[in-house]
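Listed after this line are the structures, all set down as structure tokens.
There are two complexes below, and they share chain A, which is joined by chain B in the first and by chain C in the second.
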Partner chain A sequence: MAYKRQFYPGTTSPAVARRRLMDPKVKLQKLREVPIEDVVKLMGHRNPGEDYKSIHPPIEEGSEPDCPIRKLVTPIDGAKHGDRIRYIQFTDSVYFAPVSPYQRAWMYLSRYRGIDTGTLSGRQIIEVRERDLEKMAKEFIENETFDAALTGIRGATVHGHACRLDENGLMFDAWQRYLWDPKRKEVKYVKDQVALPLDKEIFVGAPASMEDLKKRTTIFRADGVDMRDDKEVTKYQHRIHKLRTLGGYQPFKVKGV
Partner chain B sequence: MATKEKMFMEAVKKKFKEEPTDVSTTYYKYGGWRQSKSKVEFQAAAEKIAKDRGFPMMNEDIGVPLGQRSWMPYQLSHTDIFVEPDDLHCINNPAIQQAWDDIRRTILVGLDSPHQTIERRLGKEITPETINTYLETVNHTMPGGAVVQEHMAEVNPALVYDSYVKVFSGDDELIDELDKRFVIDINKLFPAEQAKQLKAAVGKTLMQAVRVPSIVGRVMDGATTSRHAAMQISMAFISAYKLAAGEAAIADFAYSAKHQSINMGSMMPARRARGPNEPGGIPFGFMADMAQSDRVYPDDPGRAALESVALGAVIYDQIYLGGYMSGGVGFTQYATAAYTDNILEDYVYYGIDQINKKYGGFCKLDPNDHDELMNLAEDVNSYSLEMYERYPAIMETHFGGSQRSTVAAASTGIAGAMATGIADCGLNCWYYSMLEHKERAGRLGFYGYDLQDQCGSANSFAYRSDEGLPMEARGPNYPNYAMNVGHLSGYTGIPKAAHVARGDAFTANPFIRVAFADPALQFDFANITKEIGRGGLREFVPAGERTAVIKG
Partner chain C sequence: MSSNPPAEYAGVPLPEVRITTTRLLFAETTEKVLNGFEEIEHIRQVTMSGESLPRKINSGPNKGLDNNHTQRRTIKVGGKDVELTTLVGNFFIELDVEDDMVLDETVGKIKAVCDAHIEHGFNLEIGRYSKYRPTLTDYRGV
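Presenting the complex of A and B:
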């Protein structure tokens, strides 16, 4: 029987949202348009139009060692060109941000090759060859995983995910990399991800309503969907803990668990 | 203690002007670091230093703009003391330093073996009178007094007034005959039931609690403690029993002092190399025995666990991992989350209430009933996480996920330990909490929580030496625990919780338990958060200061 890939248990909206994000067959909804030049500026690794810096010659020009693994793996575009590895890091608020750090990691790893992710409590970094990064960054700033108020693009000084929201509903950022624009009723970035001032304001759209976010979020919360109300997720989590406990202690008891 | 009123309310109402349930606030208008009294003080001091030395020093305007949100004071849990976060940095807080000094400078050296040497090998009599003479002598030598060689340089007593030797034993008759000034009296210091247990465990051994000077530990290191003690004990024997300074038996005194003694911590492997009596080698059970809350407040087992957490936080997380293993600015607020603002307090007492309701008291949940243990863990952990979700003020107080992960797991682990009376069941609940937290919130702590907590369920009951140990015997030296700040505080509370729930007088070592009951210590190990708070308020007076030998 062919294995059918499974993604996440559960019947509640956060569980369904987790499955959607992890399934590479699901095309994520695009909610805004941010020009690639602006994405490049937000990340701050190179100037728009500037050549990519390389850390090795293009693979086709180099003398790669005779390695069966290298023969098996098709390099991603940036690796072919010898790009350096750069990053984008998103901070996700606890207040019903569309996605949270672990779901980012699972989503990235399920959908992309050639990436390295790091997951912390408030932020999630993704490192990849620069030209591939730019494509990914544009996609993830534009799609449903990004909310203008509750998702931050932050290289350093990332705390704020657990702070209360400001009077405009924006997640706290000690560097104030983004501001509320009352005229356009949108959020605009005035600093790049390491808080260097931008030479132009970059608009990333209007925040979603809390009502909409509560439907879309991957986060279980007592004032939203409590994880205990999703029996399948709870059962799955109990099972993981029980199997790990028995596996390390009484593996002979792992029968029918 | 009832948990109807959330125990963290006093703290969060002092921190924030909004209601603790409000999701909204305002930022960027508080005047930056200037809203902090200590930052203003720091800036003024740094400017003066820069002027005096002719080149820049610290400058609050460099780097991240501090103070963009309201600057929070921190309440030391189960006290009414509020301090600034800077006041809890281990380099700024003399009480935290003294807690560490008092541990590092302690070694327990039995008198039975040297007494046998004196009686059987040298044919001299040991009596209460000779012991008293010896104790008076060793209280001269231990601070740095000379007794054998003439024309000796000695240590200025004003520098080492904290150094002494006292004895204790389970033998009441012997203790009755000794000079009370040199005795740690188990009967007086412990409640009757605890005293009975401790005396039975200590037996007829006559044990010395040796405190070398704090300043010795600071100038040298923890591994010096046994050497300093051995040298000065040997000298005291020579003088008190009129022995020959060169006779072979003297070596036996030094040998027993160095090798038949109880260090507070064991040596660490080369990659984390430290000698004995350094913080990384202290087992959690020993640390739990140093914490003395249940001696003074025997009817409050929650406080006993929480004070152990606080001691673990400052010694393991702030000084060891934040200092020895990391250095630099350290991990202060990472650790303080576990002993400030009564947040962990609220969760622990909730767990105690649930244990009483569900099982009718401590140690009544069958430790073999893993499903029910998980149910309890789910209850306490969900409550802890729900509080963060219902009260944005405490979510913001614990603004890092590592803080929340530790505190939720600590409350869950303490509950599991108290419900069963088994520390390893508590540890298993800790890891349950970590898995559930990650699953619920989609986030946990920093990278280390992936490393340590995602595999912890599998080692929580393992006893084979390269896989695990009973929780009482694990410590920062346990392979998987060597590098992750934010865990060791909670780990200290778990074995304490198990044993205090059982009504045990000690967690791992009765000798250490008695030694840290001594009121002559500089730091009061029965009131740990209060002492830390006094340090933050600059009211705590540490030993080992050098002012006695500095002009002016």
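Presenting the complex of A and C:
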């Protein structure tokens, strides 16, 4: 019997949302339109229209060593051109952000090739070849995993994911990279991800309502959906905990769990 | 011979009101709340805490650049200039009261000020949350 890939257990809404984001067959919903020039400006790695800098000659030039693995793996577009590796980093608020850093890692690794991602308490960095990164960044700013108020694009000083929201409902940012625009009722970025002031304001749309976010989030919370209310998820967590406690790095040696 | 620490402590554990706001307050709201407290008798001192707003960008490739955070500014409290360096989320109000009746009355007035100006809600508790006499750390750098 062919193996059918499984993603996450559970029946509650965060469990279903986790499964959905991880499944590469599910097309994520696009919620807003941000031009690619603006995405490039927000990241601040190059100026829009500027050539991509390279760190090695294009693979097609044939200067690669004779290696069976290199022949086996199809390079991503940026690797073909020898692009630099650049990054984008998202911070997700604990106040029902659409996704949280750990699920971002699962989602990225499940959906993309040629990436390196790192999870920290409140932020998730993704490193990839520059031209591929720009496409991915645009996708992730425009789709349902991004919320204008509760997701931040922050390269450094990401502090804020576990802070209370401000009076406008925006996640705290010590560098105030984004502001609330009361006229348009949207959030606008005025600094790039490392706080360099932008030459124009970049609008990333209106924040979703808390009601909607509570339905969409992947976060289990005592004041939302409690993880203990999902029997299957709890069982799975207990099993991992037990295997890790009893077996350390050799969980397969623990019998009867 | 030792110098005195800069802070002035009551020396006795006077009651303290702790207000924790549901949302972090903008400078404008903090100014209104503090000016509301100015009118109330029996308040010995007000301490605020919250999330720090740096004056300069303090890390990354643009370290040293001005931060220009719109909420880091000087507010007027009782005619005096107060420089705000945080987005305020807690007030600790030390009360100079001797009996429960005055305490209740003062707390009622504090609550009324908060109700009038803090839109998104707050939590108010009475207890003792900070020290009331000098300790070794007060002498650091004296």
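Just so it is clear, the second predicted complex is superposed on the first by the 246 of 257 C-alpha atoms of A that agree within 3 Å, B and C clash if a C-alpha of one lies under 4 Å from a C-alpha of the other, contacts with A are read in each partner's own complex, and residues count from 1 in each chain.
Definition applied: a residue touches a chain if its C-beta (ideal position, glycine included) is under 8 Å from a C-beta of that chain, and two chains touch if they have at least 3 such contacts.
The structure presented is a predicted model; accordingly, all values stated were derived computationally and were not measured.
A.B. asks: Clash or fit: what happens to chain B and chain C when chain A is overlaid?
C.D. replies: Once chain A is superposed (C-alpha atoms), there is a clash between chain B and chain C.
A.B. asks: Can A:196 be said to touch chain B (first), chain C (second), both, or neither?
C.D. replies: A:196 contacts chain C only, not chain B.
A.B. asks: Just to be sure I read the superposition right, which of the two partners does A:16 touch: chain B = first, chain C = second, or both, or neither?
C.D. replies: So A:16 meets neither chain B nor chain C here.
A.B. asks: Give one of first, second, both or neither to describe whether A:155 is in contact with chain B, with chain C, with both, or with none.
C.D. replies: second
A.B. asks: Applying the document's definition of touch, where does A:175 land relative to chain B and chain C: first, second, both, or neither?
C.D. replies: A:175 contacts both chain B and chain C.
A.B. asks: Touch test for A:167: chain B only (first), chain C only (second), both, or neither?
C.D. replies: both
A.B. asks: After the superposition on A, what does A:101 contact: first (chain B), second (chain C), both or neither?
C.D. replies: first
A.B. asks: Tell me which partner touches more residues of chain A in the superposed arrangement, chain B or chain C.
C.D. replies: Touching more residues of chain A than the other partner does is B.
A.B. asks: Touching A:109, do we find chain B (first), chain C (second), both, or neither?
C.D. replies: Neither partner.
A.B. asks: Based on the superposed arrangement, let me know which partner A:76 touches: chain B (first), chain C (second), both, or neither?
C.D. replies: The answer is neither, since A:76 touches no partner chain.
A.B. asks: After overlaying the two complexes on chain A, where does the chain B footprint on chain A coincide with the chain C footprint?
C.D. replies: 157, 159-160, 163-167, 169, 172, 174-176
A.B. asks: Taking the complex as given, what residues does chain B use to touch chain A?
C.D. replies: Interface residues on chain B, with respect to chain A: 18, 22-28, 64-66, 68-69, 370-371, 374, 378, 382, 385-386, 388-390, 392-393, 395-396, 398-402, 404-405, 428, 431-432, 435-436, 438-447, 450, 455, 457-462, 467-468.
A.B. asks: Quick check on the complex: what are the chain A residues that touch chain C?
C.D. replies: It comes out as residues 155-157, 159-160, 163-167, 169, 172, 174-176, 179, 194-197.
A.B. asks: Which residues, counting only chain A, touch chain B once they are in their complex?
C.D. replies: So the residues of chain A in touch with chain B come to 92, 94-95, 99-103, 118-122, 157, 159-167, 169, 172, 174-176, 218-223, 226-228, 233-234, 237-238, 240-242, 244-245, 247-250.
A.B. asks: Quick check on the complex: what are the chain C residues that touch chain A?
C.D. replies: Residues of chain C touching chain A: 21-26, 29, 51-54, 57-62, 65, 67-71, 87, 89, 119-120.
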